[in-house]
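Shared chain: chain A. Partners: chain B in the first complex, chain C in the second.
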Partner chain A sequence: MPKVTIDGHEIEVPKGTTILQAARMIGPEVAPPAMCYYTKLKTSGGYCRTCIVKVTKGSAQNPNPMPKPVASCRTEVMDGMEVVNFTSPEVLEARKGVVEFLLINHPLDCPVCDQAGECHLQDLGYEHGAAKTRYDFERRTFEKIDIGDKIQLHMTRCILCYRCVKTADQITDGRVHGVINRGDVAEISTYIENAIDNDFSGNVIDVCPVGALTDKTFRFKSRVWFTKPVDAHRHCDKCSGKVRLWFKGSEVLRVTARKDQWGEVEDWICNTCRFDKKQLSDWTVEGPSRIDRHSVISQGHYELAKLKLDTGKKLKELHGGK
Partner chain B sequence: MQSLTNRSKVVVKKEMSFAEKLYLPAVAKGMMITMSHLFKKKVTINYPEVERPRAEVYRGQHVLKRDENGAERCTACGLCAVACPAEAITMEAAERKKGEEGLYREEKYAAVYEINMLRCIFCGLCEEACPKEAIFLTDRIVPTEFERDDFVYGKDKLVEPTKKDERINIGPRQTQTTIDFKKNPEYAHNLLWDPNKKIGPKKGH
Partner chain C sequence: MGKQLLLEHINVPGLARLDVYRANGGYKALEKALKMKPEEVVEEVKKSGLRGRGGAGFPTGMKWSFLAKPEGVPRHLVCNADESEPGTFKDRFLMQHNPHVLVEGMILSSFALGANTSYIYIRGELLYVYHILEKAIAEAYAAGLLGKNILGSGFDLDLYVHPGAGAYICGEETALIESLEGKRGNPRIKPPFPAVSGVWSRPTVVNNVETIAATVPIINMGGEEYAKIGIGKSTGTKLISACGHINKPGVYEIELGLPVEEFIYSEQYCGGIRNGKKLKAVVAGGSSVPILPTELILKTAKGEPRLMSYESLADGGFATGTMLGSGGFIVMDETASVVKNLWNFTRFYHHESCGQCSPCREGTGWMEKVLHRILDGHGKQSDVDLLWDIQSKIDGKTICPLGDAAAWPVASAIRHFRAEFEEYIKNPSSIKDEKHYYNVRNEKAPVA
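Up next, the complex of A and B:
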C-alpha cells in the first residue's frame, strides 16, 4: 500500500487512490476543494482545476518534484509521494487564479440565485478567491431554459463542470442533454430544449455545484438559510427514499438528496420523491440534518443544540460522530 | 454590618428644633429654588412643532429605495433578515413577469416586505448587509400608534415614492469612505444619491 504525505500528514492508502481521495481520508483540513470531481460519477474530474496541488516529491523511487501543479482528482498517489496543498503559497496563488477564471463569466447574481447559501462556487470564491475581478469585457449571457417543467437551466451561471452530463449518462438511461460547442462558447443544452423526462433526472439539480440547474418547484420560494433541513425517509420502490426535507414552518418547500461532508449526494433519489412528495405525512422524519456550523444554513441554531443531550448523542451516532 | 466603602451616609434621627418645626424657612427655601427656575432657559421644546437637531447618520425609520428609473431595488435576497439581530424583518419573494421591468430592478423582487418596528432596535445592520443598496435607515422618526399591528410596516410604508422630488435622500448618511468607495467606476451603478445635496431634519431650538 503506498504511503503519501499531504501537508505533513502521512497516510497509507490502497493502490490507485487519487491524491484528492487520500486528502479526504485525512480530513477537511488538507482536502483540496473540488468543483467538477464527484466520487459517485465515473470519469468526473479534471475540468475545473480547482483541486490543483503541488507534488514536491514524486515517489520513493523518483524523488523529483512534478514540474507543475497537478489536478489531484486525476493524479494517483505513488509510494513515498509528498504533496503540499494549503501549506504552499504557490498552490494557493494558482488556485486563486483558477477561481478567477471560473468567475469570469459568472453573473454573480447571488442575491437572486436560489443556490446561494449552499453554492460551492460561493464557498470557493469566499475561501480561495480574490475580492474583485479584473475582467473588463462583457460577460456571456444566455436566456433561461426550462428543462422539463421541474428543472430550470441558467446557462449564465454554469461553470461547465460536466457533472450533470455524467449524472444523466450514468444514473438515468437515455441522456438527452450535453455540452455543445467548444471553448468559450460551450454550453449545456438539451438541443432544441428537449425535456429531460426520466425518473432520476432531478439529481442533476443536486450535483450542480452552482445555481445553473435549479428546482423550479422551489424557485424563489425562500432563501435556503431560512429553511430547516430535516432528514426523512419513505418507502419508495424506485430509489432508497432517503432524503432531506427543507421546511419553512410546517411546509415542505423542497426535497433534496442527503449530502455528505464533501457536498456530494449520499443516495440518488427519484423524481417522485423529489418533486411530488411535499406533504409531511408522506415522510418519516428522522431528525434535523447536521449542518456545518460555518454554513449560513446553521444560522437558525435549531439543530443539535436545542435537542436533549441523549437525543443529540443518538443523532451524532447516526451521522458518524461528525 | 460594617460597610465596605465608607460612602454610605449614616441616618440620624434627631429631635427637630422649634424653628425647624415651623417648616417656614424650608418652605421659603424650596420656593426660591422653584422661582429661580422660572427665569432659567427652558430645557423642553414644543415637539412636534420644533424638533431637536439630529445627527445626519441618525438611525430612524427605514426606506426601501428605488433606482433612477423608479424600479424597486430590493431583490428579496434575505441578507437584511439574516443580519437582523432582532428578527424584525420578514419577506416573501416573487418572480418578475415580462413587462414589469420598470417596477422591479431584478428578476426577483420582494412581494411582501415587512419590518416590525416594535422588534427593530435600529442598529442599522440591515443597511450594512444590503448588497443592492435597497434599504437605508433615515432620520425620520417612527410615529406612535395605538395598535401593535400598526407597527408592522409593509411595503406601502417602506418603499419610497416614485416621483423624483419626493424621493428620500440618504446622501448625507454616507461617510466619506463610502462615497470614495462608490466613486470607483465599478460601483457607479450603485450611486443613487447626490453627494453634494444636503438635507436633514427641521432645525429647531
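Up next, the complex of A and C:
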C-alpha cells in the first residue's frame, strides 16, 4: 500500500486513493477544502480548484516535484509522495485566489439566503479567502427558476461545481439536467424549467454547496440556526428512510439527508421522505444529530475555523509575522 | 525560398482534385507506406524528429508509440482541424488548397497506428473547407484509397469529417473528443490521456492537420532525410501564417531555423513592415504565446539572432523569450497599441472559456473588464498590478491550458510594455484612435 506524507503527516492508504481522501483520513487539520468533489458522485471534482495542493515529491521512484499545483481530489497518491497544503504559503496564496474567483460574481446576500448558516462558500470565504474583494464591476445575475414545485434554482449563487449535474446524471433516470452556455455565463439548466420529475431529484438540494438549489417547502420558514436537527428514520420502499429532521419547536420544517463530517450525504433519500413526510408521527426519532462543522449550529464551527484554517493568519505565521 | 514540402505544388491549378494531386506525386507516400509494416512507418516518423504542429511541439513519433494497444479494442486517429487561435490560419489554407495531402496523411498515419476508423474534426466556421474535404474523401473512396482493402493491401479505413459548432475550446484535444462523441465540449481531466482512453474510451491519437500532412513527405523522403532539414531538434518545415502590419501577409512554408529577421524583412516572406513603419512587437506563435518587443524578437537576450525554431524562440524562458506555438505570426508596427491588442485577445479567451474551472471562468472576464476600463480612460493606478495578480492566479491552476493561454499574453504585455499601460491610465488622452485595429464600437461594451 502506498505511503504518502501530507503537511508532515504520513499515512498508508489503499492504491487508488486520492490525495484529498488521504488527507481526510489524516484529519481536518490537513484536509483541503473541497467545493466540487463528492465522494458519492463518480467523476466529480476537478472543477472548483479549491482543493489544490503542491506535490513536492512525486513518488519514491520519481522524486521530482510536480511543476504545477494539482487538484488533490483528482490526483492519486503514489508511494513516497510528499504533499504540502496548509504548510505552503504558495498553496494558501493560490487558494486565496481561487476563493476570490468564486466570490467575484457571487451576490453574498447571505442575510436573505436559505443556505446561510450551512453554506460551504461562506466557510470557504471565511477560512481561506481575503478579507476584502478587489472586484468592483457589476456582478452577474440570473432570474430564479422553479424546477418543479419543490426545488428552486437561483443561478446567481451557483458556483458551477457540477455536483447537481452529476447527481441528476447518476442517481436519477431520464436526465434532463445539464449545463448550457459557456464561460462565465454558463448555467445549470433543465432544458429549461423542465421539472426534474423523479423520485430522487431532491438530492440535488443536499449536494449543492451553496444556496443555488433550495427546498421550496422550507424557503424562508426559518434560519438554520433557529432549527434543531435530529436523526430519524421510517420504513420507505424507495430509499433507506434514514434522514435528518429539522425542528422548530415541535414542527418539522425540513427533511434532509444525513451528512457526514465533510458535509457529504450519507444516504440518498427519496422525494417522498424529503417533501411529503413532515409530521413527527411519520418518523421514529433516533436522537440529536452529530452536525458537521459546515453548519453554524455545530459546536466547532467558528472555533475550528479560527484556530486551524484562517488563511490570513496562517500566511502571516508562515511569513514570520510579516 | 527554403524547401517546400507541403506547399510545393500549391499554385498548380486544380490541386484539390485527385487527378491533379496524383499527377504531382500524390499518394506515392501511401503506396510506399502500405508496403511497409506499420511499426516501420512509426519508426520513420520517429527518425524524422517531427514535432506536433498544433502548438505544444510534442514529438509525434513518441506520441504514437504511447498509444495503448489492448487486444480487441479499436483505436482511432483524430485530426485536429479546429484551428481557431487568433492569428493562426495555416491549417485552413492547407486544407483548402491541398486537401489530399491531409487525406493521404490520414490514411498512412491510420495504417501506422492500426486505426480503421479515423476522424477529421474541423472548426465549424470552416464549412466551405469541410465541403472541400468531403469531396476529396469521396474521390479517395472512388479510387480505392479509402474503404476496404486499400490499394490491395488488406488495410481498411473509414474516414469521417466532423464539423464543430464554432468553439475554440474544442481544439483542446479532450474537449474535441467530448464534442466528437456528441457531448458538450468540456475538456476532460487528465489522466487518463487520450492515448489510453480517448474517443469512446478507446486509445486515440490526436494530431494537428499539419502534423499529419507532414507524414507524407516524411514517408516519401525517409525520416532521416527529413531530419536533415531544419535545425537541431526543430526538424523539417513549418507553415507560418503571417499577419498584421507587414507588406505580404499570408501562409509561408519555412525551414525551421530561418532567422526571424529574415522572415519579417525578406521579400520572399513578409516583405518588411507596411508603409515604411518601424517594428514594435511580435506575437510569434498564435495569440496565447508571450508578445516580444522588437529587440527581443530579432535577437535573444544573449544577443544571438533569434531563429524560427522551437528552441530559439523559447530561449530565455518567458522572461525574455516566447514560443513557436502554432505558427501564427502577428506583427505590430509602431502605430499599434499593445494594450488594445491585449484587450482583444483577452476578450477572446473570456468568450471561449468553457467555464468548468473557477480561475479561468471568472478570471478571464475580470481581466477583460479591467483592460476595458483602462481603454475607456477610467483605469486606476492599481490596475496593472491587479491584472498581473489575476493572471498569476489563473496560470497553472486550471484544468486545461486555455487558462494559461489567457494568462500569458497579459503577463508578457505587462512584462515588456508596462509603461504603455501606465501612460494610458495616467493620461487617457494618449489612448489612440483605434479604428484601424478592431471594430469595438460596433459591439456592446462589457459592463464596467
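Brief remarks on what is shown
Following the convention adopted for this analysis, the second predicted complex is superposed on the first by the 293 of 322 C-alpha atoms of A that agree within 3 Å, B and C clash if a C-alpha of one lies under 4 Å from a C-alpha of the other, contacts with A are read in each partner's own complex, and residues count from 1 in each chain.
Operating definition for what follows: contacts are C-beta pairs under 8 Å (C-beta built on N, C-alpha and C of every residue); 3 or more make two chains touch, one makes a residue touch a chain.
Computed from a prediction, not measured in an experiment: that's the story for all the values here.
By the document's definition of touching, of the two partners only chain C reaches A:Tyr135; chain B does not.
Contact with chain C, but none with chain B, is seen for A:Asp184 once the two complexes are overlaid on the shared chain. Contact with chain B, but none with chain C, is seen for A:Pro111 once the two complexes are overlaid on the shared chain.
In the superposition on chain A, the chain among chain B and chain C reaching more residues of chain A is C. Within the superposed three-chain model, A:Ala94 lies in touch with chain C and out of touch with chain B [touch as defined at top]. Once chain A of one complex is fitted onto chain A of the other, the partner contacts of A:His235 are absent, as it touches neither chain B nor chain C. Once the two complexes are laid over each other on the shared chain, residue contacts for A:His294 go to neither chain B nor chain C. Applying the stated contact rule after C-alpha superposition, one finds that A:Phe226 touches chain B and leaves chain C untouched. On chain A, the patch touched by chain B and the patch touched by chain C do not overlap at any residue.
Chain C contributes residues 167, 169, 184, 189, 350-359, 361-366, 369, 386, 389, 392-393, 396-399, 447-448 to its touches with chain A in the complex.
Against chain C, the residues of chain A that register as touching in their complex are 45-50, 52, 67-69, 71, 74, 94, 97-98, 100-102, 104-105, 134-135, 137-138, 159-160, 162, 178-179, 181-186.
Residues of chain B that touch chain A in their complex: 75-79, 81-82, 93-95, 106-108, 131-132, 186. For chain A in complex with chain B, the touching residues are 109-112, 116, 132, 219-223, 225-226, 296, 299.
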